[in-house]
Amino acid sequence: MMETLDQLFVLLKRWVVGEFPAAWRLWLSPLIDAGAIIGVFAGLFAVTTLLERKGLGRLQNRMGPNRVGPFGVLQPLADGLKMLTKEDIVPRAADRVVHFLAPIAMVTPILLAYAVLPFGRNLVAVDFDAGLLFFFAVGAGTELAVFMAGWSSRNKYSLLGAMRGIAQMISYEVPLVLSAVAVVLVAGSLSLPSIVDSQAGYHWGWLARWHVFTPWGLAGFILFLIAATAESNRSPFDLPEGESEIIAGHLIEYSGFKYALFFLGEYLGLFAVSALGITLFLGGWQAPVPFLAWVPSYLWFGAKLLGCIALFIWLRGTMPRLRTDQLMNFAWKFMLPLVLVNLVVAALWHGTAAWGFFGAGATRWLLGGAVLWLTYSALSHALFTAPGRGPRTYRYAD
Amino acid sequence: MSVGLTHYLVVSLLLFCLGLFGVLVRRNLLVMFMSLELMLNAANLALVAFARYHHNLSGQIMVFFIITVAAAEVAVGLALIVALYRQRRTAHVEDLASLRL
Amino acid sequence: METLCFYLFAALAVVCGFLVVANPFSRNPVASAMFLVLTIAALAGLFVLLHAFFLAAVQILVYAGAVMVLFLFVIMLLDLKEEERRSWRKFGLVGGGVAVALIALLMYAALRQSPLGAAGEPRVEGSTAALGELLFRQYLLPFELVGVLLLVGMVGVIWLSKRAVP
Amino acid sequence: MSTVDYLELLKLAAPETIVVAAAVAVLFVDLVIMRDEPMRHRLLIGGAVTGLGCLVALLWLAKVPVHAAVLGGVLVVDPLTQWVKGIVLVLTLCTAALSLHAKFTEHVGEYFTLVLLATCGMMFLVSSDDLLTIFVSLELTSLCLYILTAFSKRDRSSAEAGLKYFLFGGMAAAFTLYGLSLVYGLAGTTNLRAAAAALAGQGLTPLLAVALIMVVIGFGFKVAAVPFHLWAPDAYQGAPTPAAALIASGSKVASFFVLAKVLMLGFAGVEGSGAWRQFSAGWAPLLATLAVVSMLLGNLAALAQRRVKRLLAYSAIAHAGYLLLGLLALANSDGRPEALAALVYYLATYGLTTVGAFGVLGVLERVNGSDRLEDFIGLSRRAPGLALCLVVFLLSLAGIPPLAGFFGKFYVFTAVVGAEPARLGLLWLVALAIALSAVSLYYYLQVLKRAYVVAPVAGADRIVLTWEDRLAVGGLALAVVLLGVFPSLLLSPLGAAIQVAGY
């Protein structure tokens, strides 16, 4: 019974596809996948906007939206209607074609990235040999979209915002990919379902074998989260769209439905990269403890995803925005060395997997953790507390 | 008509010649660089096709290297353009005339 | 199906490639860059048809993600309105076109006459693991060499694009 | 699939590894330790580390004789490649010595790093039989040289020269790559010897001809043979003088050697013939054509130059013509060892002479601020030793006995004539080359005339030479004279090395 419930969507799709003539099936199967992904995650987008506004409101000691529907739950609907009915304004000097294509170029690659993510047991659209690489490859498309938006608007703030955005995305893509590479190294595969499989099982019958419970996995997950926050342009890394600095950056000349598409694209990107983090470090759709393994896998995945989203909302409500130089320094001088050391630690972890003596696990944990901790403290000392690196003095502002 | 090696090679050849045309005719340095990329990509396509239809994976490895090398090369080329632009405010081949040919 | 995909991607690659070098509607480097992205994507599609999945992903990742972004960044840094004001040089256009067309014809003739057409069935599968084996065994040395090359690129680019200290 | 013996590999690639290590060391020392020191010290220390790296690599080459091909021809180490690598290292060492008074940059670490990494690329270029490795190392060398050409930010022409070099070099790389990919496609292997074996007996199929032409075009750009020479004068003139010396010497040695290797090993069986009235298709007639136009245009255009760097560039183009003749002699497998020895001897002596000439030029540039012919006026009185060295270098370039350049040309021409002993079919090429050498004497003497005959303008004081200048330029002049008087110093070990390597 639970087995059927776990495979509900897989079986459902198989049944639906089976109802159609054989010639159609080749086309129908991906279409159903695509439809399901778009439906589910667009719905999640609506829910998240509401959650975010509510959550931020609570963090800032106010109520959040509460006018439309009971407790404001219909607010996303109202927002959507407003967006759709707004006038679509295109600046006269704009490059109209590129301006039109930019939002599409933003959403399409992100939707493509969902194709390789496993949302549950057997619940993946394409089990692709180089799935992780594919994810990052299509993710690169969003940078082009940001450029298209910023450049085609012919607005200096747009261009500045786009430059900031692209510089930020490129810089943080390096630690993002490298922290994922550590997982690839240990799991020995680029395919996301097999990465999830590599985290199956439990130590001593209760501690899940998720990568996040290893020293390199923990460090990698934290680094991954930071890089993912920056990749999806969220606070505290929301400089490209900083309203108070460059009036929303590359989005400045967008309104109505196109703006909504950008908005959708950003949230979809956030979900996708969270889902990737879950897949890589948090055991994907697997249950954290064995006695809860009967709960359907997609529910676990959904729960972890919601947890990640909550974390991002919390971060947004807590952290102030960074300055550009801080942003770049943080990526190149702090995260990059740390993530490289993390890669080495992961390699050592993998290399010492055969150690069998008593306490081997603890030794490996302590060794790896010590290396990472030493690197972390050395880096933070050199960058933030060493003499001459203290609080910034303003030479020209006096 | 089924698609064979020759088809891929014809596409690759066309791309190579387009790239060559671009390098020879265009005068904007950026577009010339893009044409160079086109030429390298033509070689990539030929290599992948050869690797598939003929013998072994070495061709694919070669493509892997070429992509990396091309990226480094483009970075250096664009840095050269930036360096030149700092001096002359131009990215145009015809303005590169302070050295007599 | 595969034939259809081939012609689709091939046509896309060649047409976009043409628009990169000689776009009759726009002389703007940005248009060229956009079409180059499409060409690259079409080539990645052809790679997939040739079962080189890993390379297809790398192609998109490196070109669309890094190389093109570099181009676009430089375009944003420079003020390139001038291109539009310059006229095509008719002579160069025609001469270059004829010369390149001749080269293409000659190469096509060479291709037609060579024994490649009878090449056997496709065999090789570009599995990531097999590529990795080859890369880290037989081609270990060039792999290290590429590392050195990237160092050169980094040092050189930083030095070249840095503003000269007065 | 066999596993790799990493220690063995490290031992075989030790000289290159040492050079890379030295490069990283220079960068580290200059950027971290010497950060706030005065320019002079930074240059000295950077040069010292560079020189040390080259010397250790040279010592290793001399002391650890190895003969092996590993990883399926990706790395081939034999006595001949050891010798050529040694020559490249010596040329780098001289370049580094000439850079000790560099005024074109404050970024010493980056400069020496790039010089060393270019050398590393050249060394791998020399010792690989693998298409892929050849391409990657070619690109490594080229990238370093592009950056070095554009290295001077003070000089307005430097960035422009770098860009031109880059454009031509990029096109050359694309051509080479397409040619190599066709070779791979036809043969199904990336190893040169295996490719030749796979293609043996087919003769020159049309597609192979296309591949051959593309490879030759690509390398033609690299070695600055006419009609692919357009970048050379600009790059030589715009580049900082030591960088130009490296482009003219080390890069040329490596490019010619690898071209010889590609043609000799990879295109074995499609040599063809460039003999008079007996043309048959293959790479020999192709090279013969390039050689003829290079010699003609290089020598004639050099006559019209007013700037010595451009003059040296056109002279380099002419010398590329002579060297192409030397490659031509390799087409016939009978006299191949002698021809190869002659080619390497020519390359070595030409490299040393050119670096020397650029060294003199560098000193003059430092004093006068430019490289016009007029700046050479009165050199014999301002700096007699330097003028004497200039005489040695220029006369060696012209091919006057008993200097090294003469014997280089002599052996190459003999090899070319001997390549077709029956009918002396290549004699017409040699005759042309000798005639044009006579022409070349004119423009070299133009420089010397100004140095010795024309009276100096009043007020031109003596040029003060530093000890590094004396050491580098004097040493090079001595080497050129010695190798001229005793050519067997280099020729006989080369002959032995070629015997052992078995070409």
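For clarity, chains are labelled A, B, C and D in written order, and residue numbers in each chain start from 1.
By definition in this document, a contact is a pair of C-beta atoms (placed from the backbone, for glycine too) under 8 Å apart; a residue touches a chain by one contact, two chains touch by 3 or more.
As the structure is a prediction and not an experimental result, all values here were calculated from the model.
Engineer: Any idea whether C-D or B-C has more C-beta pairs in contact?
Structural biologist: The comparison resolves to B-C.
Engineer: Can you tell me which chain lies farthest from subunit A, using the average of the Cα atoms as each chain's centre?
Structural biologist: Centre of mass proxy via C-alpha means gives D as farthest from subunit A.
Engineer: Express in whole angstrom the distance between the two chain centres, defined as the mean CA positions of subunit C and subunit D.
Structural biologist: 31
Engineer: How many angstrom lie between the centres of subunit B and subunit C, each centre taken as the mean Cα position?
Structural biologist: Result: the chain centres lie 5 Å from each other.
Engineer: Using mean CA coordinates as chain centres, what's the gap between subunit B and subunit D in Å?
Structural biologist: Centre separation, subunit B to subunit D: 26 Å.
Engineer: Determine the centre-to-centre distance between subunit A and subunit D, using the mean Cα coordinates as centres, and give it in whole Å.
Structural biologist: 52
Engineer: Where does subunit A touch two or more other chains at once, residue-wise?
Structural biologist: none
Engineer: Provide the list of subunit D residues touching at least two other chains, using ranges where the numbers run on.
Structural biologist: Answer for subunit D, listing residues that touch two or more other chains: 132, 136, 139, 143, 146-147, 150, 153, 159, 185.
Engineer: Which subunit C residues reach two or more other chains?
Structural biologist: Answer for subunit C, listing residues that touch two or more other chains: 54, 58, 66, 75, 107, 111, 116, 138-139, 142, 146, 149, 152-153, 156, 160, 164.
Engineer: According to the definition of touch, which chains form touching pairs?
Structural biologist: A-C, B-C, B-D, C-D
Engineer: Across the complex, what residues on subunit C touch subunit B?
Structural biologist: 2-3, 6, 10, 13-14, 17-18, 20-22, 27, 29, 32-33, 36, 39-40, 43, 46-47, 49-52, 54-55, 58-59, 62-63, 66-67, 70-71, 74-75, 77-80, 82-83, 86, 89, 92-93, 96-97, 99-101, 103-104, 107-108, 111-112, 116-117, 119-120, 122-124, 126, 130-131, 134-135, 138-139, 142-143, 146, 149-150, 152-153, 156-157, 160-161, 163-164
Engineer: Okay, in this complex, where on subunit D does subunit B touch?
Structural biologist: 131-132, 135-136, 139, 143, 146-147, 150, 153, 156-157, 159-164, 166-167, 170-171, 173-174, 177-178, 181-182, 184-185, 188-190, 230, 233-234, 237-238
Engineer: In the complex formed with subunit D, which residues of subunit C make contact?
Structural biologist: Touch list, subunit C to subunit D: 106-107, 109-111, 113-116, 133, 137-142, 145-146, 148-149, 151-153, 155-156, 159-160, 164-165.
Engineer: Could you list, by residue number, the parts of subunit A that touch subunit C in their complex?
Structural biologist: 95, 98, 128-130, 133-134, 136-141, 143-144, 147-148, 150-151, 159, 162-163, 166-167, 170, 173, 190
Engineer: Inside the complex, what are the residues of subunit C that reach subunit A?
Structural biologist: By the definition above, subunit C touches subunit A via 30, 34, 37, 53-54, 57-58, 60-61, 64-66, 68-69, 72-73, 75-76, 127-128.
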